[in-house]
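For reference, the structures are reproduced in the following blocks.
Paired with subunit B in one complex and with subunit C in the other, subunit A is shared by the two complexes that follow.
Then we have the complex of A and B:
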């Protein structure tokens, strides 16, 4: 970790790089590479030899307002950051090279610095896990923290590992019946102590999104190749589509809700306005499964897996198909009251069980088709619907658009 | 079905459309829409009122050379089409609107018409199923038919349902140790008796690809928005990414091998040259599973599903992760000799179990990571490797690039 984080002093520098003299904050110095944050929010990463430092001074990090240093800035825009772990609050162990979770979110201070006059940001370190270990029980905790945050802030940011961020953000979206402000999930694909980290820009954008008049749950991550353009994706259409790129997140079949670059937010599509209050339904029924159809999947595989579950989301092929040999067992399961729900492993496009003979047989066997709802989101939604609605209404509610998860028209 | 198919007569017309006089073959007339095939191979679909037919004559379809009408054309390029079913040889039941499989592949004749001087195409109706019903046993039949076809033709086309076409094409690719010519899988997203069918152009392109000097297995399907541009995708990198678009197939992380438009093939990347002979290993071990990690997946779910399998491909999160609670059970399974193989549900990008603490624990528990191999392809490959190599070499062979399934560098 660089000095400025441990001491909470910022290394302000005036420097010459590629012939131009600029001012900024030296954030990292690692393996001969300097990371310098400019006032614009843009980071320069350059070899030490290529940067001539003309002047350097240590400045106090923005004034903390509580003894725990949990407040940063003193602007009118109030934002709460609920930190839950993940790469965005991880550290690299430079002896082994492994990335491990860390509950140190003080690095966030260096991000907020330039925004201190516009925002007051409260940091809450609530959990500290890599997101592959997130569970439905933990999603319920998060929506409760979000509700507390919305009581005292305009908007709430949840920092989270990217691996399962779409699952968690969707669960929070479903459990929020009303929300008085934006709820913005943010992660990063490289740890903040890597020179190429995307954490800083992602969070900076999240702070701006969390201050906008948005009544939705979104995901704030890098957009395409641009260094400083960030997308806000609707949680219930989002999916991690690449294991390592910083622009890993896409929204399926829908344009981003908003973009951020260079200090300003551009709303790309109409979003729900914030509600007058925040109301949550903090119940989920986790007896839901998600199964990927494949050519050797046997009736026994499907029935054994479904045994202790109330609903199983199938990721079928194409328009929502499964082999004929599974239709009998599916009919048996739906007769016993299990919900068998069909999505498509294509990811994009919609199911349509009325086109092919297989689809019609599946419908006749009691399968519920999810249209263009993304399979992972259908899985999360089923947990919410089972816990909060009459079981007899399961099919009707699953097919009703609740939080933008079902598109009337696919744009992409 | 239109008259020309039943009688094997072609309705040649001279017509005026949008002010231009052209010649072509009237392929369909349905719901007031005419589909006219031009000599270029391009189809015009237009309302009946917008087309003024100046002259019409019935012509014999190209001469059949056997009593079964299985040969079309008499050109020097010899191609065998192995028809297995799917939308490409399906029919719409216009009373119910449902699409059902059909073993009528005579419509292919109308596609080949313009190519009769260049090619001799032999049609073989081998199977007649929607591809959600394909199984590893059927993949073995297909590679045997392919071998027979390569004995008598330069190249072989396999027409197949699109739902599981990537699985089948990859299996055929692995089982073909040597191939004396191209093997081209082709499907369509709309049945040939729909005015908007993509079947004709896809097959026309497949015939050209099957005549090229390519020693690989590929998939010939529409490319992007263009009406007449077709991509040839490497089977072992292909994936159906949209449930209904005609450009549903993408190759993951790699550019197409070749393109076809307007009668010519453009090779986009170096491909393997055809071998001197065709050699197949027609064995697969189907005791392989494919399981999608999700936040409520329990150790019991995983262990029960894996019970009767020699290898299980996990579609993990991000760089190839699974929850901590699964690591103990995974260690137990690998100790008992089961192969647990990690891929990523992100689809794009590579696994890397050396970055995060979770990944290192998974490696230590005996997990084999598949890098950038697409999960479904890793699943098919495992069946091939289990059946044809020493079990002790499983890990080594799975991590060796055999048929282009493992990219040295991701291009996309």
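Then we have the complex of A and C:
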């Protein structure tokens, strides 16, 4: 982010509106409407024609207390934060009411206990992408930055918007053939301009997770509605399950890998140890589709959608079913060499195409059943497998557990 | 402002009083579909941390910094009338337009200039009372004026805002443990702010009442225990003091007089301190536990058991100022200690006391080698808090001695006040981007302009006619803002006269007599039973007395009274017996006396006399 605060001037005005003369700050003018900040702090919006400006002067805006330091602390726990989007911190300018995203990480000093003694945190501002604008090409960039980060730090934190964080995190997980330390994705459901933002505790926990002996890619977000417990979820089992709650991220079918509370990390289930080095396969083939089966889905829709795609992940009903009318077209497509992969739109639980006759017909038509792999993760994995393995091995690799995405057993 | 010597010392000036009055509105909450009313059901609880630094811009906000020094976490409990919005787990919905219209009606009646578009702002509040860390608020009208018997009072603004969460407990021992209920959070609140044009306590009450009638006339105001809250801003030359959250109209006057007296006494105390040479040593608490090892004081023994100790400091030149007939600097410091979660302070103006002996105090005192006019201040705390308190007390005394009394204080029942926190800096506000700007359309504007507020007398007259109650009673109900309570009560009793009596006589008299108060929910249930059973007023009042004195619930009280009172049939039999024996011309007084000899159970004398009349 460029910092142009030095040149910021406030437009102080004395104006008459509704017959009363008062002072204020003209914030902006937009399609005939003026937004004026009154001395009381309130903004009012008024039609330009209704406001008579009597006097105007420019005044220096108060200087923000902002630090451009990209390093904090001098402790042994070396952590690199790769900022890709989603705001780490925000600045609120009360003189104009403007909220600007900022990469000022100095707030960590006051929010992370003993930060300066225990950790050395380095910030690398790489990109600023809204979650919904993420693409597989950007995932490749991210895994390269992660690799660089792991060269100099024990662990890497990737800040990311939450909406597509599970896709990116699992893509990074697949592309990391070997990883010398933890890679922790972190986001927030409440923006950091708010005192109640979950960003602070999520990042605090991420710093601790990124210093632990974990050789996996995880997501550091709230366990519940409280700020007192943060979960580390395996990227390849994670899913955003709520549009707004702090505890939106769930680990599907397995418990979180670790928790953070009261200043320490508790490992909940054994995860992979870090490797000696970091190796990436930074190739993805994005000719993969993801489609939700629905009761009126026509063979034409399915065929049209699948054109130009090497693999299509279907989110079937229940144990992995689709209507009889689709079986013929599916058989046709698999004969032409397309991969039709079946997952369940129930999200939780596994596919099983042997239980009902429809399932058996789908298997016969060449459908590849994905078990309990989360649909979106199967979609990301297909891109990785297509780009890095022999096409003939697609089915075999898809059914092999690579990064914890496939559970062979689910506990009650 | 640290030293009063250099600059000119502030002098007492004309008293300036301004009011900020808040009225809750009923119906739906301001930013979600929850009702403003709760059945009192508590659901799940959660814990949050608010980060005041999060949105800092280099501006120092004393109130926010103060909250930070206390390092608190906040707990919340959700209720049947709260949803994800109140829990700060979902963005706010579109604002409640009914509430905005009501705000505009009130603004119009106060001759404010109404805004054409309403834009909500976030006002940063980090004391935990808002889960979001800010209060959403919008100005709907500004620059108004109202006429009073003593000249015009200017109205700065009328705002529509969301109410804060209700504090339901604060554990003294664990200062971070504040529990808030979400039942009140998000209730629409009208805030009416006056300029400091109010002349004295009496005038303040008049202004508050007049504004109250305007709001009551909208028919949208909520009338529950804490539905009206008034903040008083008062200044007599020593900085602005804000007394926050006065709930009763009658307390406004008392609080103002108390505050003026408190400030004058504090000024006098500080002038004595100055004459003695001011504070020569900062407050510095050091451990003094060893002088109290053999103490008989229960308070201290208890503290030692809880791994606390007693700390002592010289209070430089404060001897006699901490507590005597006029001065209460000790109470002031005690309030600060309490704000840090401690029990208060002890000092040499009041010791020996509380089981602490003069000898113990003397030993601790000698160690500190104080001067003649020094006091010794003790505090029971742990080491870290004693350290924090040293700084807090030192800067407190510096501030007071510069005659800067500005701060936020809270009202107490007797009209006095206690320190709450430093005055917040200028409100830190920024736009609430999750809420669209509300344009006031021409239909709404029309409706708003048609609203005509009613005067107290008009309201009383209407009430008197509608419920056939005396104009006197109606006036009392109107002037005490009991209108909606009265309507609700009559909904239950189906009898306006009875409601007026219960509300204006029975309840206050019984509560006064037994020094106890009714639990509203249970009393309502009892009234319902009474209406259903067709009880006489006498029976009902008996049941109410049983409920209040024996702390029974509605069902139990009803059962007791029914068992203890004659049924109508039994009463008739008894009256008949007496009439048969003594003749039908028996005097009512004699009848009652004879009935009382015949039965120990209670009965309604009026009913007995009516039966006798019927027999004739």
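Simple rule for what comes next: the second predicted complex is superposed on the first by the 315 of 412 C-alpha atoms of A that agree within 3 Å, B and C clash if a C-alpha of one lies under 4 Å from a C-alpha of the other, contacts with A are read in each partner's own complex, and residues count from 1 in each chain.
The rule we apply is simple: a contact is a pair of C-beta atoms (placed from the backbone, for glycine too) under 8 Å apart; a residue touches a chain by one contact, two chains touch by 3 or more.
This one's a predicted model, so the numbers in the text were calculated from it and none came from an experiment.
Peer 1: Identify the partner contact of A:264: answer first if only subunit B is touched, second if only subunit C is, both if each is, neither if none is.
Peer 2: After superposing on A, A:264 lies clear of both subunit B and subunit C.
Peer 1: Just checking: does A:392 make contact with subunit B only, subunit C only, both, or neither of them? Give me first, second, both or neither.
Peer 2: neither
Peer 1: Identify the partner contact of A:290: answer first if only subunit B is touched, second if only subunit C is, both if each is, neither if none is.
Peer 2: first
Peer 1: With both complexes superposed on chain A, which partner does A:245 reach: first (subunit B), second (subunit C), both or neither?
Peer 2: In the superposed model, A:245 contacts both subunit B and subunit C.
Peer 1: If we overlay the two complexes on their shared chain A, which of subunit B and subunit C does A:91 touch? Say first, second, both or neither.
Peer 2: So A:91 only meets subunit C here.
Peer 1: Once the two complexes are aligned on chain A, which partner has more residues of subunit A within touching range, subunit B or subunit C?
Peer 2: Between subunit B and subunit C, B touches the greater number of residues in subunit A.
Peer 1: Once chain A of both complexes is superposed, is A:305 in touch with subunit B (first), subunit C (second), both, or neither?
Peer 2: first
Peer 1: Of the two partner chains, subunit B (first) and subunit C (second), which one does A:192 touch, if any: first, second, both, or neither?
Peer 2: It touches subunit C, and subunit B stays clear.
Peer 1: Can A:357 be said to touch subunit B (first), subunit C (second), both, or neither?
Peer 2: The answer is first: A:357 touches subunit B but not subunit C.
Peer 1: For A:99, is the partner it touches subunit B (first), subunit C (second), both, or none of the two (neither)?
Peer 2: Both: A:99 reaches subunit B and subunit C.
Peer 1: Across the two complexes, find the residues of subunit A that touch subunit B and also touch subunit C.
Peer 2: The overlap between the subunit B and subunit C interfaces on subunit A comprises residues 97-99, 244-245.
Peer 1: For subunit B, which residues count as touching subunit A in their complex?
Peer 2: The contact residues of subunit B facing subunit A are 97-101, 130-136, 139, 161-164, 167, 240-245, 248, 286, 288-297, 301, 304-305, 315-325, 344-352, 354-358, 360, 376, 379, 383.
Peer 1: Using the touch rule from the top, collect the residues of subunit C that touch subunit A in their complex.
Peer 2: 44, 46-59, 73, 84, 87-91, 113-117, 119, 121-124, 126, 131-134, 137-139, 142-143, 156-157, 159, 426-431, 433, 437
Peer 1: Spell out the residues on subunit A that touch subunit C in their complex, using ranges where they run on.
Peer 2: 17-20, 22, 33, 35, 38, 40-47, 50, 62-66, 89-95, 97-99, 107, 110-111, 189-190, 192-197, 200-201, 224-228, 244-246
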